[in-house]
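Labels A, B, C and D are assigned to the chains in the order they are written; within every chain, residues are numbered from 1.
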Amino acid sequence: MAKSKFEYVRQFEAHDECLPHCWIVVRIDGKGFHRFSEMHNFVKPNDDRSLSLMNVSAEKVMTDFRDIVLAYGQSDEYSFVFRKSTTNYNRRASKLMTNLVSLFASTFVYNWTKHFPDTQLKYPPAFDARVVLYPSNRILRDYLSWRQVDCHINNMYNTCFWKLIQDAGMTTTEAQHRLKGTLSGDKNELLFSEFGVNYNNLPEIYRKGTLLVRSSVQETATKTVPNKNGDGTMEETFQRKRYITETLYTDIVGDKFWREHPEILGEDS
Amino acid sequence: MAKSKFEYVRQFEAHDECLPHCWIVVRIDGKGFHRFSEMHNFVKPNDDRSLSLMNVSAEKVMTDFRDIVLAYGQSDEYSFVFRKSTTNYNRRASKLMTNLVSLFASTFVYNWTKHFPDTQLKYPPAFDARVVLYPSNRILRDYLSWRQVDCHINNMYNTCFWKLIQDAGMTTTEAQHRLKGTLSGDKNELLFSEFGVNYNNLPEIYRKGTLLVRSSVQETATKTVPNKNGDGTMEETFQRKRYITETLYTDIVGDKFWREHPEILGEDS
Amino acid sequence: MAKSKFEYVRQFEAHDECLPHCWIVVRIDGKGFHRFSEMHNFVKPNDDRSLSLMNVSAEKVMTDFRDIVLAYGQSDEYSFVFRKSTTNYNRRASKLMTNLVSLFASTFVYNWTKHFPDTQLKYPPAFDARVVLYPSNRILRDYLSWRQVDCHINNMYNTCFWKLIQDAGMTTTEAQHRLKGTLSGDKNELLFSEFGVNYNNLPEIYRKGTLLVRSSVQETATKTVPNKNGDGTMEETFQRKRYITETLYTDIVGDKFWREHPEILGEDS
Amino acid sequence: MAKSKFEYVRQFEAHDECLPHCWIVVRIDGKGFHRFSEMHNFVKPNDDRSLSLMNVSAEKVMTDFRDIVLAYGQSDEYSFVFRKSTTNYNRRASKLMTNLVSLFASTFVYNWTKHFPDTQLKYPPAFDARVVLYPSNRILRDYLSWRQVDCHINNMYNTCFWKLIQDAGMTTTEAQHRLKGTLSGDKNELLFSEFGVNYNNLPEIYRKGTLLVRSSVQETATKTVPNKNGDGTMEETFQRKRYITETLYTDIVGDKFWREHPEILGEDS
C-alpha cells in the first residue's frame, strides 16, 4: 500500500519487550465487580455460575495462547503464566495483555447465557490486566502462593461474614464488627460452633481457587489414506498426543503439587 | 485484610505512567479480522452492520471514559484520544489500555445480535491495543491524518478490488494484478469508466471513517422541590448542560474541521 | 569478527529511546559535594574557583555535544538541553547521560589544577545524571525557572547563613535558628541592616547561576588556493560563520530573555 | 527550603528501578578509544600502562560501590556486577550507571600521571555505560563468558595483526588481508611458525582480561581501651574480617573457577 507523509508518527510507539528468560504473568481483574455482582444477584459468598463462567473464559484463553503453561483464578481475577522462553508477540507486553484481556472479556459475554440462563446481562463488563515478570521458579511459586493465600483469607472471611448476615440475621456493620481482629482459628471456631460448618469440608473450588494446567493425552485418531490397490481410499488409525486443559482445585503453596508435576516449571531454575 | 509473607512479589510490578502533558492515544485493532469477517459473511468492501457495531462499542467507551475527547474509527480499528492533562488511572498505560480494550470487546459481543440479527456470532473476537504519546497538537493531528489517509487509500483500493470481482467476474489474483501500480487517479477513472461509479458519491462513512466527539447540549430538566406552602412538593424546571457523543463523517486532515472546533484540542499547544 | 554462542545475552539489553519531539534535558549533580567542598576548603557561600571549574567543564560538554542548545548551572549541578529533534545516539537515554556525565567528570578533574592551583585534589569526584523529557517550550521554560528560582532561594539563604557565622560569630545551630521561618524580604533586610549588604549588588553569577548558549559569529578566515598563474598557491580570505559558546548571568524566569533570543527554542511550540 | 510553583516539572522524571532479584550489570566502554590510544601512543596490541590504569579505576569503583561482587575488564571496557538483591540507589538504573561511570572517568584522569608518567593527557576521555539485567546465574555466567571470549578473539587477532605489521613490515591492508578468513588454529600456527611466538605463553592479562573479586582477610588490629586500673588506657589487639579486592587473570568460561568460588554467585540460582 502507498505510504503517506504522516507515517512518521509511528516513531512515537514505544518498545515494551519483556526481559528474556523471565516468567511472564498476565493477571486480569474484573473492574467494579462489587457492583457487577450486585446488579446480577450473585449468590454470596460464592456464586457457582460466575466461577464456572470465569473458568471457561480462562480455558478459552489457554486454548488460543499456546504458550501459557498454567492459569490460576479466584473470585473475579485470573493469572496466566507464559513459559519463560515464549516469543509470543515478540514478548511485547502491550500485545500480550491486550489481546489476552479482550479475548477473556468477549468470551465472558459470549458465554454468559449458558452460565446465567435466568439472568440477563445488564451491561458489558471490563477487566484490567497487567504484565509482571518473575525471574525465577521460586519467585513465580511465591507469586502463585500469594494469590492462593489471598483466596483462602478472603474466602474464610466472606464465609463467616455471609453466615452472620444470612443465618444469624446481622447487619453488615454488625458482621464486620463481630469479625474485626479475629484470626483464622477464631473464624474456624465461629463457623463450627455457631453454624455447624466445618470449613475444611467446603468445596475446594471456594477454598483453593481454580488451577488450569495443560496435560497431554494419548489418543487414537483416524485419517483417510489411499487404499492398497491404489484405486480408492481407506481409513487408517494412528496414535497422537493431544494437549488438553485440566482443571484442578488443589494446594499450590506447598511442594507436593510441584513435585508431582515437574514438567510445568521445567528443570531449569 | 491480613498480609502474607508472599506480598513481596508485588515489588516486581512495573511503573508505567505516561509522560505528563502529552496526548494519550489508545488504538485498538481487531485480531485476525480477515478471518472473522469471512466467517461471518461480511459484505465487501464495507459492511454497514460491522461499522455500526464498531461505532456503538466506541461510543460506550467514550461514555465510560470521560477524559476521551475524540475517537476515530475505520475498518476494524479505533483510536481514542485522552486529553493531555488526564489523570485517569494515574496515567498508567497498562490500566488505560486494558480497561478500555476489554470494555470495547465485551460491548462488541454484547451488542452483536442487535447489529447482526441474522448472523450468529461463531466465536468471541479479540482486539489488541497500544498506548502512544503525542507531545503536541500538530503531531496529534498528523496521527489522526495518518489514520484517515489510511482509510482513504484502503477504501479506494477495496472498492475497486471488489467491483472487479463482484461485477467484472475477476478472480482475486486477476483483480490484484489489474490494480498493481495504479495511482489514486487511475482508480477513480477505473471506477467511473468501467463501473459507472463516482467515488466521491460513495457514503462518507466509507471514505472518511467515523469521528466521535463530545458536544454539550443545553436541556430543560425537572426536579421535585418543596412547594411554596411547605406542605408538599412541586415540579420545577431548570436548565442544564449535558455532554453527548456526536458522530461525524468528515475530513480531519485539513484545517477546516479544527478551526470550527477549537475546543477539542484547546488553545494550548 | 567471529561471534560466540554467548552472543544471545545481548537480547537482554533494553531499548531506551526518548520520545521524539520532546526536549531532552540531562541534569548532572555532584555526588556528596557537601563533603567534597569541605575537604577542599571551598570559600562559603560561593567559591569562584569551583564555579569557574564547573563552567569550563560544561563548556567542554557543549563543544562535544553539538545538539545541546543551552546549559544552565548553579552550585554543583548543571542542566543540558538537547534540541527537540536531536538524533544524537538515536536519542538513547543511557548513551546520552553516561557519555555526557563521564565527559563532565573527567574534564572537571583534568582542569582542576588550573582553577585550584593551590589545592590538591584529594580524591576523584562522581556526578549523577538523569534524563528528563519536556514536551513543550512552556514546560521547558518552567523547568529552567525551577532551577533558577532554586538557585536564588539557596543563595539568599546561604549568604545570610554564612554572614551570621563568619561576621556575627554565630554557631551553625544559632544561624539556622535565626533564619528559620524568614521570608525573602526578611533576609534582604537582615543582610542590609546587620551587615550593610545590598543583596542585589552581589555578583550575578551567584544570584542567577550561569547560562551557556550558542551564538554564531561572522569571522574572516584564510585558505590556501592555487594562484592565478596556476604555478603555485596563494592565500585567500573568506567569511565564515562559527558557533561559539556564550556565557550569561541573566534572568531566565521572565519573558525578556526569551523574546530577545527567539532562536534558542525556535518558533515551534 | 521553600518550594516554587515550578516544582511540578519533577513529575516528568521517569521511574527506572531495575526488576528485583536480577543481576545488575553495568558495562562501561571508552568512547572513541581508537583515536584516544593513537593520540597517546599506546603500545600495540596491549599497553600495560593503559590496562593498569583501567584496573585501578575499576578497583576504586568496587571500593565505593560495596554491592559490586565482581568486575571484569578487557581493552577499554569494564563490566561491574551488582549482587541480585542490592538496593543501592533503590536499584534506579540511571543513578547506578551515571554515578559509576563518572567515578570511573574521573578516577581515570586522576591517576593518569601515575600510569603514564611520560605522556601528557591531551584531552579528557568519556565513557558510555549501560545497565543490563540478567535473571539467572547461568545467564550471568554466559554474559561474562561472552566478554571473555570476545577478549580472546580480539587479542589473538590483534597479536597477529601487529606482529605482521611490526615484525613482518606489512601495511595495515596487507595484514588484514593475510588474516581474513583465518580460524583460531591458523592464527596460533601463524604466530608460532612465522614469529616463534607460543600464544599460550603470552601474559594472561592479555589473553583472559582482568577479574576483580572481593575476598575477606582475617587481620589483627589494635584498639585503645581503658586499662585495668581504670586510670588510663591500653592497647588491645583483636581479630577482624576485612574485605579486599583481589585481582585475577583466569578462565571464567569453564566451571572450575565458579566451583572454587561458590560464594561469588551464592547458592541461590
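Assume contacts are C-beta pairs under 8 Å (C-beta built on N, C-alpha and C of every residue); 3 or more make two chains touch, one makes a residue touch a chain.
Just so we're on the same page, UniProt names per chain: A, B, C, D = tRNA(His) guanylyltransferase.
Predicted model, so just to flag it, every value in this text is computed and none were measured.
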item: Selected pair, greater C-beta contact count between C-D and B-D; value: C-D
item: Centroid comparison with chain A (tRNA(His) guanylyltransferase) (C-alpha atoms), farthest chain; value: C
item: Centroid spacing, where centroids are CA-atom means, of chain B (tRNA(His) guanylyltransferase) and chain C (tRNA(His) guanylyltransferase) in whole angstrom; value: 46
item: Length of the line joining the C-alpha centres of chain B (tRNA(His) guanylyltransferase) and chain D (tRNA(His) guanylyltransferase), rounded to whole Å; value: 54
item: Averaged-CA centre spacing for the pair chain D (tRNA(His) guanylyltransferase) and chain C (tRNA(His) guanylyltransferase), given as whole angstrom; value: 30
item: Of all residues in chain A (tRNA(His) guanylyltransferase), the ones touching two or more other chains; value: 12, 14, 19, 21, 133, 139
item: For the chain B (tRNA(His) guanylyltransferase) and chain D (tRNA(His) guanylyltransferase) complex, residues of the former touching the latter; value: 11-12, 14-15, 17, 19-21
item: Of chain A (tRNA(His) guanylyltransferase), residues touching chain B (tRNA(His) guanylyltransferase) in the complex; value: 1-2, 4, 6-10, 12-14, 28, 31, 60, 64, 93-95, 97-110, 121, 123-134, 139, 142-143, 145-146, 149-150, 153-154, 157
item: Residue ranges of chain D (tRNA(His) guanylyltransferase) in contact with chain A (tRNA(His) guanylyltransferase) within the complex; value: 19, 21-22, 133, 135-136, 139, 269
